[in-house]
Structures are given as structure tokens and as C-alpha cells.
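Two complexes, one shared chain (chain A), two partners (chain B, chain C).
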Partner chain A sequence: MVIENLLPPFPQWFLPALGIWIGVLALVALVGFFLGWLVVALERGPREALVRNWQAVVQALDDFVRRLSLKRAHGLAYLAVKESIRRRVIAVFVVFLVLLMFAGWHIDPASREPAVLYLNFVLSSTTYLMLLLALFIGSFSLPTDIRNRTIHTVVTKPVRASEIILGRLSGFAWVTTFILVGMGVVSYFFVIFGLNHRHALPAANLQPVAEAPGETGTLTGLTAPAFGHRHRVYVDADGRGRVEVARGHYHSIRMIGSGPEARYEIGPPEGFLLARVPVYGRLEFRDRDGLDTDKGLNVGDEWTYRGYIQGASPAALIWTFSGLTPQRFPTGLPLELTLGVFRTHKGNIEKPVLGSIAVRNPRTGLYVETEIFESKEFAEVPEIKRLFVPRTIINPPSVQIIQRKKNTVEGIVLSPPNEDVRMELTQKREFDLYEDLCDNGRVEVWIRCIEPGQYFGAAQPDLYIRARDASFIVNMFKACYGIWLVTLIVLAYGITASTFLSAPVAMVATIGVLVGGLFRDFVIKLALGQTYGGGPFESLYRLVTQENVMSELEPGLGTLLLKMADVIARGFLFAVASILPPLGQFGWSDWVAHGFDIPWEHVLIRTLQTLAFVGPVIVAGYFFLRAREIAE
Partner chain B sequence: MTFRAAFFRKIAFLVVIAILLLPLFWLGQPSTSPARGARGGPGGILAQLRTRSGLSEAELGEIDPTSEAMRLTTLGLRGVAANILWTKADTYKMKKDWTNLSATLEQLVKLEPHFISVWRFQAWNLSYNVSAEFDDYRKRYEWVIRGIEFLKKGVRYNEREPKLLWDVGWFTAQKIGRADESKQFRRLFKQDDDFHGPRPLEERDNWLVGKEWFARGEELVEQGATLRGISPLLFFSDRPMCQMNYSEFLSKDGIFGERAKQSWSRALEEWLQYGDREFPTYEGGTIRLNDKERFDTRAQEIWEELEKLAPGLKAKIEQEKRARLRPEERRALDTPFEERTPEQQALAFEASRKVHVTHREVAQRITGPRRSEALKLAEEAEKALQMSSKIDQQRTIVNFEYWRMRARFEQTPQAIEAREYIYLGDEAFRAADLTRAKQYYDLGLQKWRELLDLPEFPQLKHDGNTGRELIDVIRNYQRILDARDEPWPRPFILQDIIDLHKDSVPDFEPPA
Partner chain C sequence: MSSGKSTAPGTPEVIVETRNLTKIYRDFWGRQKVRALKALDLTIYRGEVFGLLGPNGSGKTTTMKLLLGLLFPTEGQALVFGRDATDVSKNERIGYLPEETYLYRFLTGEETLEFFGRLFNMPAAVRRQRTAELLELVGLTAARKRQVREYSKGMARRLGLAQALINDPELILLDEPTTGLDPIGTRAMKDLILRLRDQGKTIIMCSHLLADVQDVCDRIGILYDGELKELGRVDALLKVRDMTEIRFSGGDGALVDEVKQVIERHNGRIHFIGNPTTTLEELFLQIIRESEAHPGRRVRGGISGDGH
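What follows is the complex of A and B.
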């Protein structure tokens, strides 16, 4: 699976993220306070404005902390639920069911990875529908109540603005949760039934395999086609069968009867719905001169996700794993590898390019090659190249001490340094993974291409230790939870916008947040000048004059003005992007679709991010609502 | 505004709407088919135009409810949606996300099922670009077939589009037959039960299957479908060329004898049929590739008739022209072709152009009562030569003469045996059996010699394609001799071929 922005571990993420959050929050609060002061100051003078603003802040604290009644908030939430039911939000669920009914028209079960298509479809449909729902109920509810004056039945009671906002948010959150659970359950069964298929295996399809040692009496053949594919089947003399992986799954096989009367029954598909728990390492590259580098070679790909290393040279892909213990992996390291292969000459077309895998102790430099393997490029999910580094490595093909070389300002630095090199370590013929090759739970896994003129390429997530398989249902639940978090953010923005804007305008504002949030990464790139064609004004100029994005603009006053306008626009964009939620990063459908367990660490990070956005937005909504006459 | 004014305004709007509906009805009324005794109607202007141009949905090809539903749900933003999908497809391709690329292409063609370029471009993408991304040749083959299947689906949606049929033929024949992995692709193609269905094993050849699709395309054009974006000369050449390539590949697969002969015989027959087809020319009018010899013969006959009218006149004019040449030009012309220096070759070319006598020049010198007859003959000869020249130009485009000659000489026993011996020699060399390899090569070269000396093919040894092929054979023979540490035989049996073609293969070093 491609992961372009892998989240850092929680301890590394938390403190810097908290710092940024507090900084941005303080800045926004300061700006808000100043604007509030300005508005009041125009009416009542600067001094009183300051006093009133301060009182408002104290009052807010009081409303949110001391005088907040969960009972009243719950009552308002109940009203919000009733209101949603009255507005027939369940229609969203019906639309979802209709979508699923017609999904078969669009999803090709004969695809290379049908599970990916099915899961992506259900999760993205769920996301879009939930976002639409949140958008409508969030933006329309308060303005409709205000217009119909039904809000008076609430505000004339002793309730606080904070309770109104929180009540609505939690009420709508309950509604969306209920609908989301329904969609999740239906999606699960839709995927299960959608992927289910059987193959027939007529006995006539089986032929004896070419004689090979230990394979006497083995039959092989292809199943009948189903879902646009067939499987190769092997049945040994005892009637035990094996079905090869195709299109990302395999089947069980059972022989019924014996002798010439034998029939074969192929079971339902297996291996489609996985939740592998990967342990990722940190990737570094070693170039053909044996020097450490951050990046691999580019073999001409427009997309620079994977870096490449040259074959038959000291170049290597080096992953450093941490926290490995015999308790976690008692028998060895089960690795899974996705490799990019680039050939500069055809070589032997029928033979895959050969590579080697080795483990190295980062402290002693002891390097033990464990296997020579055949590369497999762009394999489907269950066909990913599996490699195993055993706990005990006996008579490995190659043992040596390799010193890593780093080019620094002081010159080449060796690790381990020459004085620490202990060549006697290489004299052994048997190595223990944890005793000889691990340094405090750290170990390096080296992948090298051993054929001259050929290249291997990889990105950090391309090699991982498959720690175990988690529950697919729990993984699906996590993906739905991710959707729920995004829904919550949109609801919070929608409700807050509706406290001071009319319904359609509130909806447009929330759509703005939604679109901005989904394309936040692009907006930040634009703000930082990392896109082609300049900032917004320069891009507009190029668009109108049909100027290409690569050529420099003619120097002159016009260009200068454009660039200056872009500097201002970029500052504005950066400020906006900083307070936009990164909604595009909340989707976990790829993880589920490609069979990877969503780490709990990610769930925690996204939950905190949601709270970090929702909290201040609710507080802002509270102030807006209080500022309206209706709430007085 | 009073109630009365508002009411009248509404009435006015209604009237205007009703009036505007009339031209809309006139333009857009759908046609109706006759049923239950009722007469069908031709419909409005648009419906009539659609019928006339064969553009109604049902006439274009299979109607897919999904496609129709998708087009409707885009609410007129089909173009925008297609653009977004196209960009997405490009991104998926860049990021090597093949599953989503395929899914996006499926959506794209459902939105634009009759936009031929989408089918052609994206099928090319799958068969040529995406397939090349895979290291495993079996995966490459899978994606080549995906591209072909994609096109076949396009054919179902666009039954009146010969270009798509031609593409299926081209991908099947050329991509499988000419790729670097053609040996493996052809093997997998033969084993591909899902692609072929009940097709017998001996017919599972990419060239034969490609030929079937080219034939379907030809049939469609003959039924009146418009051929766009490809010259008919090339379009119609591919079907017979598939038979040629099939025959050629038979020898590569080690199949010789009667089967090879029959295949070449069929290739010749189809090539001659192709030569009998009429093709439009850029200058207007039509030509047939087979007609060149007829026009040349007629021009020659007219020379004889003019000779009868004015005996010796042509030779006389030629002599006069020759007398006007510069001395160095004359010398160059008199020097035998093989002995001319490069400067003399240029001079001789110029001189032969100057001494060339046309029919008109002879006819104009004839006086008396037969002058008008001579001028008529000259005009006829000029036309014949003009046609011959036009045909010659078109023949060059498809290498017509080479393939005609090849289909003829490949049927001779000498050619069949020569190819068989060289094939066996190569096999023996691959198996490191150098003695047998040399024996077979000696026999093969002997047969080539006999073939080159046949009086029916005087041009064969001068032909560049044959020359290059033979230089490759000679080079392999060189390797066998080197491996056996044997000297180069003197005189060498194909020395004339080395002398004629040694420069046509860049890295060939003639034996010292």
C-alpha cells in the first residue's frame, strides 16, 4: 500500500502538535478578542469595551465549566434527534441502499483487486453521504428554528448558549452515529456477498504434473472461470489440494469420493479481507559508492515516491526497525516486501531480477545475508513478496562486517568506527537474531539488487514486519470511526456558521471549510510556493494569457505587482489553511481496502485532532450565538 | 404592482412559453417506429438528421443502461466529469495504482461511450504503457490483453467504427507479435483459453486472430462505414500482411514443408487481391497496385508502335542528346555501374536523365499523315507512365513489390529448405552442437545460393530486406566457425551478398 505521508509515532507527534495548536489557538483568540473589542469600542468606548469583553470571556468560562448542565444539554440533544427524525434524515440511509443496489453496475468483480474496489466504494459512498448529511443538518437546523421562531421555546427557558450548541452537536452526532452504524453493517455484508463466488473444478481439467521429486501422482489444472479469473489447482496423490492465489484471494478445496469417481469442491474465497498489523522501519539508502543518502536514484519516474538502488554494487535499501524483542517475534521476522524493479537491459525476460536480504547489527556492523530471492513487482495484496528472517541463521550465504559511511562536514564518518570493528564476529556459522544482530531491539534489514544493470526501488512503507493479523471487522469499525470524526468536524463548523449566518450562507461557508479541508495539503503547498505556476494571481495571469507554468514571466512592473499580490495572498492562504481541518488525511479506506490494520495510534491522533478543531469551533459558535439578539 | 398587471404578465409569459415550444417540437420531436398497424413518423429535424447520419444511439452500438444512467446523472456536466476522470486516470497511472486506473477507465468510457479517442488512447495506455511497467512478462501479457478487451468493449458500443476494429487487429497482431517479449507473449496467447474460448489450438496465433479483426474492419468499410484518420491503402494492407507475418513466424516456430508453402501461397493470393483493390489518390482518381505492370507494358508497346511509325527515330534522338553531354558525363555513363566512383554515379544519374527520350519527343518529330496518330499514342503512353508512377509511389508505402516477391520465392523448395536448415543450425548452435550447426548452416547457405540463382527472381540478391536477413545468417555462420576455430571458407558461397549488403548492417564486420 502506498502511504505518502506516514504519521510519526504518537510521542513524537504529540508535543509539537500541541505547541502548534496552542499557538494558533492563542492567535485566533487574540484576533477574536480584538475584533470583539473593536465592535464594542465603536459603540461604548474602548475602556468599557475592554471590560465587557473580559466579562464575556469570564461568562463563557462560567457557561462551559461551572454552570454547564449536562442534563439540559442532553435534553437539547434529544430535541435535536427528534428534529432530525422529523426531517427524515433517514433518507440518507435509503439513498445509500439505492447506491449499493446499483453498485454492481459500476464495480468490476473481474478487476485485479476486487476487494479494493468494493471497500473503496462502500467507504467513499458512506463518507460523501455522511458529509452531505452533516452539512445539511448542521447548517440548516438553527436558522430554521430562528426563522420559525421555535427557538424561542428553548431560549426562553433557563438554558445557556453553550448548552444549545453542545446539545445540538451531540444530538446530531447521535443521529449520524446511528446512521453510520447502519451503513457500516450493510457495507460489511455487501462486501462479503459481493466478493463471494465459487469455481467449479471438473475432474477432466486435472492433468498429471511433470514428474518431479516428491510430486508423484500430483495433478494440476485450472478451475472453471468465475468473476473473470481462474485459479491453478494442485491435488496430491492423497487428495489434498491447494488453490493458488489469483486476483488477491484463494479458496479451499475438498475432494469428495475417491478414484475415478472423485469430485472436487472449491470453497468460498479467502484472503480478500485482511487486517495485517505492520511494523514499519525507517528507510535509508546506500548509494553505489557505499555512502548513506536520504534519497534513492530516480529512474525517470514522474512520481518520486520510490527511490532506486543500482544492482551489483554496494547500494542498498536499509530499513531500521526498533523495539524488536524475542517475546514479540520469537521465531524470527516475517517480512513483506513490495519492490519496484527497473531494468536497463532486458536480461532474461523469463527470469525475475534477483535480490538479497540481509540483517545487520547497527552497533557492531555484523552483516548476515539470509536469502537470495526473486523479485516480484506490483503484486496483488496476498501475493506480496514474503521473506522470513529466522531467529537462528545457520550457514548464511554471506557474513561480513559492513561499516556504514556517512558524508559529514568533518569528512566521511564510519559506523562502527575502525577501532570498534571486531572481525572475529564473522567467524561464527550460526547467528542468533537477537543476540548477534540486534542492538537494544534495533536491527537493520538490507535489500540489495544483485544483478548488474538492474535496479530495485522502494519507499519506506514497502517493507514491514507482519506482526499479526487483526480483526477485519474491528478495522472496518475504525474506518467508520474515521468517517464519524470528519462528520463531527463538519457538524461543528456547520452549527457554528449557522449561529450567525443564514442557512444557505452557512452551508456555503461549511462547504468552503469542507473543500478547503479536503485540499488543505494543496492550499499549504500553494501558500509555501511549492506549486508550479506561482501563487493565485500569477496562476490566473498565466491561465488568461495561456502562458505555460514553467517559463519565467517577463521582468517588469506588471510581474512585480503580481508577485507582490501573491505574497499577500499566500500569507492569507497560509493563515486560512492553518485553521482548516486536514480532512483529506482522515480517510482510512485505503488501509482497509488494501488489508492493513489501522494503527490505534493513528486513531488516537485523529481523535485528538478532531477535538482540537471541534472544541474551539464550538466556543466560537457560543460567542456568535450569544452576540445574537435571539439569545439575549 | 396591481393584481391585474401581475396576472396579465403571467399570461404573457405562458403564451411566450407556448410559442417557443413550437420550434422546440419542430426540432426535437422523436421519431416513432411503426407498430400495431400505426404508421411510424420520421420525427423532428434533429431526429431526421440523426437517422440520416446513423447517429442514433441504437445505430451506434450496444446500449448500456449503466452508461445511460451515468450520463443522465451528470446533469449535463458530462464533459467536466470526463475531464476529472481523465485527470484521475493520469494520476493513477503516474502513481502505478493499476486497480483504480482500470476502474476509472471503466467509468470514463461509461460517460463517453461514443468518444472513439477515449477508447483508442486508453487502450493504448493499457496495452503499451501500463504493461511495460511490470517486470513479470506474464503480468505484461495480462495488461496487453486488458487493452485488447477494452477495445473489444469499445467495438460493442461503436459497431460502425472500423478504426476500433482495426485497432483490435493491430494490438493483437503487432503488440503480441512484435514486442520484445513476443516469444513469451505468443506462447501465452496460445494458452489463453479465456481469450480464445472454443477457438482450436492451431488457430490461436496472434497474426491469424489479428487478421480476423482486420477482416471485420474491412467488411464494415465495404458496407459503407466511414474510414477516418487512416489511409485506405494502409488500412487494407494489414489483413494480407497478417498472413505474411503468420507465414514468416511459422518458420520461426520451426514449421516448414507443405504447411509453410500453403501459408505463403495464401499470403500471395491475398496480397494480389489487395493489389486489385481500388484506392483513391491525393490527385484524384483511383489506382490499383497490381496495374503498374499493365501500364508499363502498354508504354513499352507504344514504343514499338512508334518505332514502326518512325523506325530509328528514338535512337537518333538519343544519339543527339548524347552528343550534347559534357565529356565527363559521357565517360560516367559509359563506365559500368559497379566501377563508377561516387562522383561518376551522380554524373551518370544526371546524364541518363538528360539522354532520356520521351514518347512525346519522338511523336513530335514525326511528320506527315501519321503525326496525329503518333501524338495520340504519345499521350496515351504519357498517361500510362503517369499512372505507373502514381502506383509506384503507393507501392513504396506498403513495400508491395518486396512482399509480392517474398510470397513467391518463399514457396519454392529452395527457400523452404534453406529456412529449415538455418533453423536447425540455430537450434544446434543453441544446444552447443557446433558440428551439426555447421553442417546445417552449410546446407542452408547452399540452398540460399540456389534460390538466389533462380531466374524467376533476378532482383532477389539486390533486395535490401533479403540482404540484411542474409547478412544476419552470415554473421551467425561466422560465430559458428569462430567457435569451432575454423577459417573462413574461400571462396564463400554468398560472397556477392556480402559485397552488396555489407554496409546495410551497421555492426557487421565482413570476414577478413
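What follows is the complex of A and C.
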């Protein structure tokens, strides 16, 4: 599995995001001000309503900026913590422990990717339990205080509504933090112990490798099964061993003793828990005529995630990487590739499809093929293929000058142009990655399918340079932090909803926000008309009449009315989606489970997004609380 | 501390003022349900104990909640220390004991006072000292580590009073302060109210127990059906102007006969002559005091005394 890196770099993200945030906020504030004015105006007239609303805004600024007392907020946070303890929120942690105790019934260690299963299980359980906890304590706390009238004793002290909301939020945030830290630590050890296993390697299992040139005395064999799998092992004449990767991990091997008395000890699993730091390139396609295109071929999949290129043709998948220096990658480029394969003729289904990898200098066009590889899309575990482009390439299989061809309004444009082509570059037999194939740190990596009638497909994240491996523990911490951010958002919405709704209704409203937030991307697509079958009303019509989503509706008054209703509905959906947090994007479980490092840039962006949602929600809660009669 | 409304020299300072204060409760659709308070005009001065009297539903508690900013007036205005009652900063100088003891049951007595002390931004040392003083004052020092859920109603009431005094307030609002208290607690509460008045604090209390109000209040207002029906000093309102009461001790029957004759000679009418009775509260407190001083069985009156 590959991980989509959907976020642009922080500098590119920040200013546009800030602009949108300010715009939406201003709009929501205006609508809120107008509604507030309308309510007061009905009772006290338009002029007084305007004055009162303005005073309320000034008062809010005062309450949040000048008069906000952190000491009081801390006192209220302390109360929230005490209340949570009284409500036995620790039960959530106990439920989590019980879940882990029975996890063995559901998690099959003999599965294809046991680490993914284990990590997904612990992180998903943590997420759901934390969200449930946040829903309950966020929605029920304030209404309970109002119902029991304990709030009367508090609000008759010099406590501002801002402090009540901030105090509660920070108190509950502390509670969830403690529980989350506990869950995170327990999860880590659960995964470590859950994945731990050893294989035995009886000496009788090892047999000499037949006809292995230059490897006289090498033994090979399979380990004893454990965790539902075995590893192939190679031991050379000096007793040095190597255990092949299976189910996403390998083991160390140590020879004890020598000669006929020698036995082998296989260590604990390694490579299960990774945090790969990928460097992504930009993907372009080259079609079978050698022309650059934006998209690959569609081979008929409904899911058009990957674009395909035809085999045994000039077509290629081209990733352009930039910022490469000998300091960053002194020995070469360690690449990891996931390919989709589409076969127009099956033949022997077990037979891999051959492909080639090459590097090209974007300026000179020098193209050096480094390796022919096999793609086994039907392997038991579709593992990520590891390829390596060495710093020094000696006697490569193929060396050419390839000119990129782009179809523009002025005709075909060649890169490099004919006058800049230097064929003498192809005369060399030894190439340095940085001197010959890089142009100011830019290099192109070409993947081609070399078998006729077969196709390779890829999307941008399918190939990356594995720059380094970050700390798994830190990655796990980042994933837990992501869960904490979502919990904070749910808490903020829950508390704000509970300032003007009863506890059960506040909880339902918060669930609405949660679900809406998880499907926010879809709702925005729907609002922007990027989905098939029209807007909500047209879709409903198609559902009822069983009309195909692709065909146009019969023109007429009915269709016109449907379309008009959809325009209004889409506007409403867009407005709602704009104030919903994109909770679906906060889940980093897949990153951790599939061994990818969560970039700190993402952590920063999600933190700012959380603040961007929590801040205005708190302010809204402040106005709701101030506007209500506590003793009513 | 800043004072409330400025007054001319010699006139008492106004602490609470309501002008045409009206509260109408409405249903979800905005239809009028009940007119709980009708155009209340009231002025309460510094250093007085003011009692709000009235039957259930007369608007006492509504008035109290309007003064505290827990409710918003439908019409009119409530000013406390010269500020609108919805202004939170006035609460710096206010103490409030609600009708029921609305305290967090999961906190201990000590934690409760610490918590409310924090809400006044009190420094930790001051908070601790004030907590200890108030627990001592309300007699809960021994129970300070117990959770409020374990408190009896009287203890919780006393703790409620302690939290109302945590900030050494200038204005104290007491809603049914003696509810749930035994006679000793009731007397202690009344003594405390008088002590606080002597310290220059202003107290507003509402109560059903007329005797309590009579004992401690300087002025009272009587509400009925949301309207202020009577307002004035207690002694002036209760004075029976066409009767005279003489109390004396010593003397004998001849003296009593002589007094009778003097009254009749001046065309006066005698309604009652006899020994005055004490109040049940006084009797109870005296028995308790004597029992504490001399432990053991004490029988007063009883079968033989009653002549059964």
C-alpha cells in the first residue's frame, strides 16, 4: 500500500488556507451577527438590537483578551478533571485493556501483513474509544451542571463564559491526554509482544545451494514454521547467514559452534515496525508515441487511481525528483516501487512481467538504464519492490539520448532541442549519478514495461526515494497526537453544542459534526458538482426512477426545477461543509501501520487546522452561553 | 473597593436598585406563560439586612436571580453596585447562598472552598487561610476532608454559606438561608447574619420563615403575585400603634392590681396580664446549653409536672 501525500508543502499551504479561513470566518461571523440582531430586534427594536449586539462583541473581546483569567480557567479545568474522575472515565482505559485481552481472537498473526493488522487494530480501537469518550464528556458536562444547578454557584462568581468553556475544554483535554498516553504506551508494547516470534532452524533443513557460481559451500533451507510462515535462509561457507524477508519482516541469524556441531540461532523479528521517510517525485506519463501526457491509459478499472502505460513501446512512467545532492544520497538512490500490472494475455499467471528502470538527465536527455526487474503482482504479499540506482553506474544495459516530446499549440516541442543533443555523452561506459544524470539536483526516473501486450500502471506516490528510516516510536506518538487533535475538535464541538442544547441533543449534534467531518471531502465534491448523478435532488430522482447516473435527464420543467433545487442545496452543502472539520484527513493510522513516517509538516498543518476550528467554535460557545438564561 | 451609586453626604449608599424590573416567562414559541415579576422598584442601602417575603410563586427567587444575572429582565433594569446585574465583574463583591445547596458533590469541603477561592483569583496562601477560617466559622473543620456527598443537609448548607463568604463580600444574597438547619444551626445563621451586618455588609435574604426574617431584617418587602405589596422597616411595620405593652419583673400581686386599676382609671382596656412565654427556639437552645454544661439525664416537667 502507498500513502497519499495530499498536503502541499507548508509555505504553499499556509497563505491560501489562511485566506479561506478568514473569508469563511468573516462570513459566519456576519451571519451570526445578523441572526443575533434579528432575534433582539424582534423584541426590542432594530436600533437597540444593533447597540446590544455591538456591545456583546466588544464584551466578548474584553472577556477573551483583557479579562480572561488563566487562574480561573485553571480552576474550572481542575473541576472538569475531578468530574471526569468521578464519572469514572478511566473505564474507557479498562475497556481498551479488555479489548486487547480478547484481540487474540480476531488478529491472525499468520495473516499476510500481521504488523499492519496489529497497528490498525490498536490505533482504530484507540480512536473510536477516545471519540466516544470526548462525545460523552463534552456533551454531558455543562447540561448536567445546568440541570443540577451547580452552575448557579459558579456563574455568580466573577467567572466569564469564556473561562467556563476554556476551563472545561482544557480540563477534558488533560483527561483525554492522560488516557491517550496510557493507551499509546500499552498499544506499543502490545504490538511489540504480539509480533514477537522466533523460528527454529534445524541443521538438517540446510542443503547446499546447487550450481551457485562463486558461492561454493553456501547452504540454504527453510526455517521451522512460526506465526504461520517460514523464511528462506542462506548461510555461506564462513557461517554468515541471511534470512529472507517474509510477511514484511526478517530475522538476524547467528551460528553457534562450528563444523558438524554447528547450530543456528534465529533472532527476533526485524523490519516490522518502520517509519520510512519517502522523498516523492512528480509523475508524468509518456504515451506509446513518445509524447508527454498528463494521464496514463485507463485500462477499464472503475478506480482510476493509477494511469497505465503500454509495454514494449516508447511509453514510460516518469518521476522527476529534485533537490538531490551527493550529501543527501552519497551512495545512490534507494527506490521503492509499487506497480499495478494489467495483462492483456495471461499465459502463465505466475510468470512475472518484466520492466526496466532508468535515470535520465532532464537537461541533456542522457538516458541510462540501470536494471531489468520483475513485477509479481500475483505474489502472496504484493510487496513494495526495492530498487537501487547506484552512484556510479558501470556498463549499463542501455545508454541513449531521449528527447521528451510535448504537444503544444506551436507544435511538437523537443527537450532537449535537436541543436543541444550531444550524442558523445552516450559513448561513456561509466556514469556518475550526480555529474552525468542530474541537472541542478533534478533527475528523472523512468519505469517502462518491456513486454508486449502488458501494461504497467502507477500513481504519483507509487515510487519514492526511501531517504531514511525515522523512529517508529516517534511515528506512533504522532499518530496518537492526530487522535488527540480529533478528540479536541470533538470536545470543542460537544461543549459548544451543550451551551444551548440539552445533553442528548448536544451529543447527537456532535455526532452529526463528526460524521459530516469524516465525509467532508465527499460533501464538498457533491457541493461542487464533481460527483456523478447530479446534486442531492437529482440523485434522489435518479434513485427513485432507477435512472442511470451517466445519462442526461430529459429536458423539461421537472428537470429544470430539480437542477434549480440542487443549486440551492449545493450552496447549503458547501456552507455546511466549510465549517465542518476535515476529520477524515486527521487519521494517521494507515501511515503508521504501513510503515511511513508522518511528516512534521503534516503535524504542523493539522495542528493549525485544529486551532482554526477549535478557536471559532469556542467563541461561538461563548456567545451561546452568554445569551442563555442560566436559571431558566 | 469602589462603591455603588454615589450618594449625597449623610445619605446611605445605594447598593441595589431596581427600576421597573419585570420578568415574563415565555414558552418556546414566545407566548407569555407567567408574569413572574411586575415593575419592581426597590432600593437597598449599604449595611442593611433586607428581607424579601412572599408566598410560593410570588417572585422572590426571580428577583434574586435577576439581581445575580442568572435571569435577564424582560423590561426594566436591575443595578448592583451601580452596574447592570448582568455585568460579571459585580460578582467580585457578591456572595450568594442558593435555595438548595448546589455544590459539587464529588469535592471535599476543603476542595470546594479552594475551588471557589480560585474563581476569585485569590493567591494560594490567602485561599488556604480563608478556607481554614471559614471551615472553622461554619464548624466543618473536622469534616473538611469528607466529600460533600457524605454531608448531611445542614452541613452542606453551612458549607454553602462558607462558599458565599469566601471573597469577604460586601453584598450577600441568601435564598432561604435557614432551610435545612436545626435550631442551633438556625440560630447560628441568624447570629452570623447580624454579625455580618455589624461589619457593614449588606444582606438580602428571602425566606418563608417569618420569625427568622423578623429576627434579623431591618427592612422587608412583601411580594405577592409578582408585585411589591409592602415595603418598610420591620419594627415600624410590626408596631401595633393602638396598644401599649408593659413588662416588668419583681413586685407582687398588689403591684399588678395597682397597675390594672391605673389603666382602668384612664379608660384603658386590658387585653392580657400574665407571665410572658419564651419562644420554642429559646427554650430548645437553653436546654441544649444546659445539657452541654451538665451531661446526664435531665427531666423537666414530665409526668409528675404535667399532673398525669
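Odds and ends about this structure:
Quick note on the criterion: the second predicted complex is superposed on the first by the 562 of 632 C-alpha atoms of A that agree within 3 Å, B and C clash if a C-alpha of one lies under 4 Å from a C-alpha of the other, contacts with A are read in each partner's own complex, and residues count from 1 in each chain.
Definition applied: a residue touches a chain if its C-beta (ideal position, glycine included) is under 8 Å from a C-beta of that chain, and two chains touch if they have at least 3 such contacts.
Not measured: the values here are computed from a predicted model.
Once the two complexes are laid over each other on the shared chain, residue contacts for A:V341 go to chain B alone; chain C is not touched. Contacts of A:T144 after superposition on the shared chain: neither chain B nor chain C is touched. Of the two partner chains placed by superposition, only chain B is touched by A:S375; chain C is not.
Using the contact criterion defined above for the overlaid structures, shared-chain residue A:R230 touches chain B, although it does not reach chain C.
By the touch criterion stated above, A:E113 is placed in contact with chain B alone, chain C being left untouched. By the touch criterion defined above, A:I349 lies against chain B but remains apart from chain C after alignment on the C-alpha atoms of chain A. In the overlay built on the shared chain, the residue A:W105 is in contact with chain B alone; chain C does not reach it.
Taken together, the chain A residues at the contact with chain C in this complex read 67, 69, 71-72, 74-76, 78-79, 82-83, 85-86, 148-160, 629-632. Across the complex, chain C meets chain A through its residues 25, 65, 68-72, 88-89, 91-92, 94, 96, 98, 100, 102-104, 106-107, 111, 115-116, 118-121, 160, 163, 167.
Those residues of chain B whose C-beta lies close enough to touch chain A in the complex are 65-66, 69, 94-100, 102-103, 106-107, 110, 133-137, 139, 180-181, 184, 193-194.
Against chain B, the residues of chain A that register as touching in their complex are 2, 102, 105-108, 111-113, 116-117, 120, 222, 225, 230, 302-303, 305, 341, 343, 346, 349-350, 352-353, 375-378.
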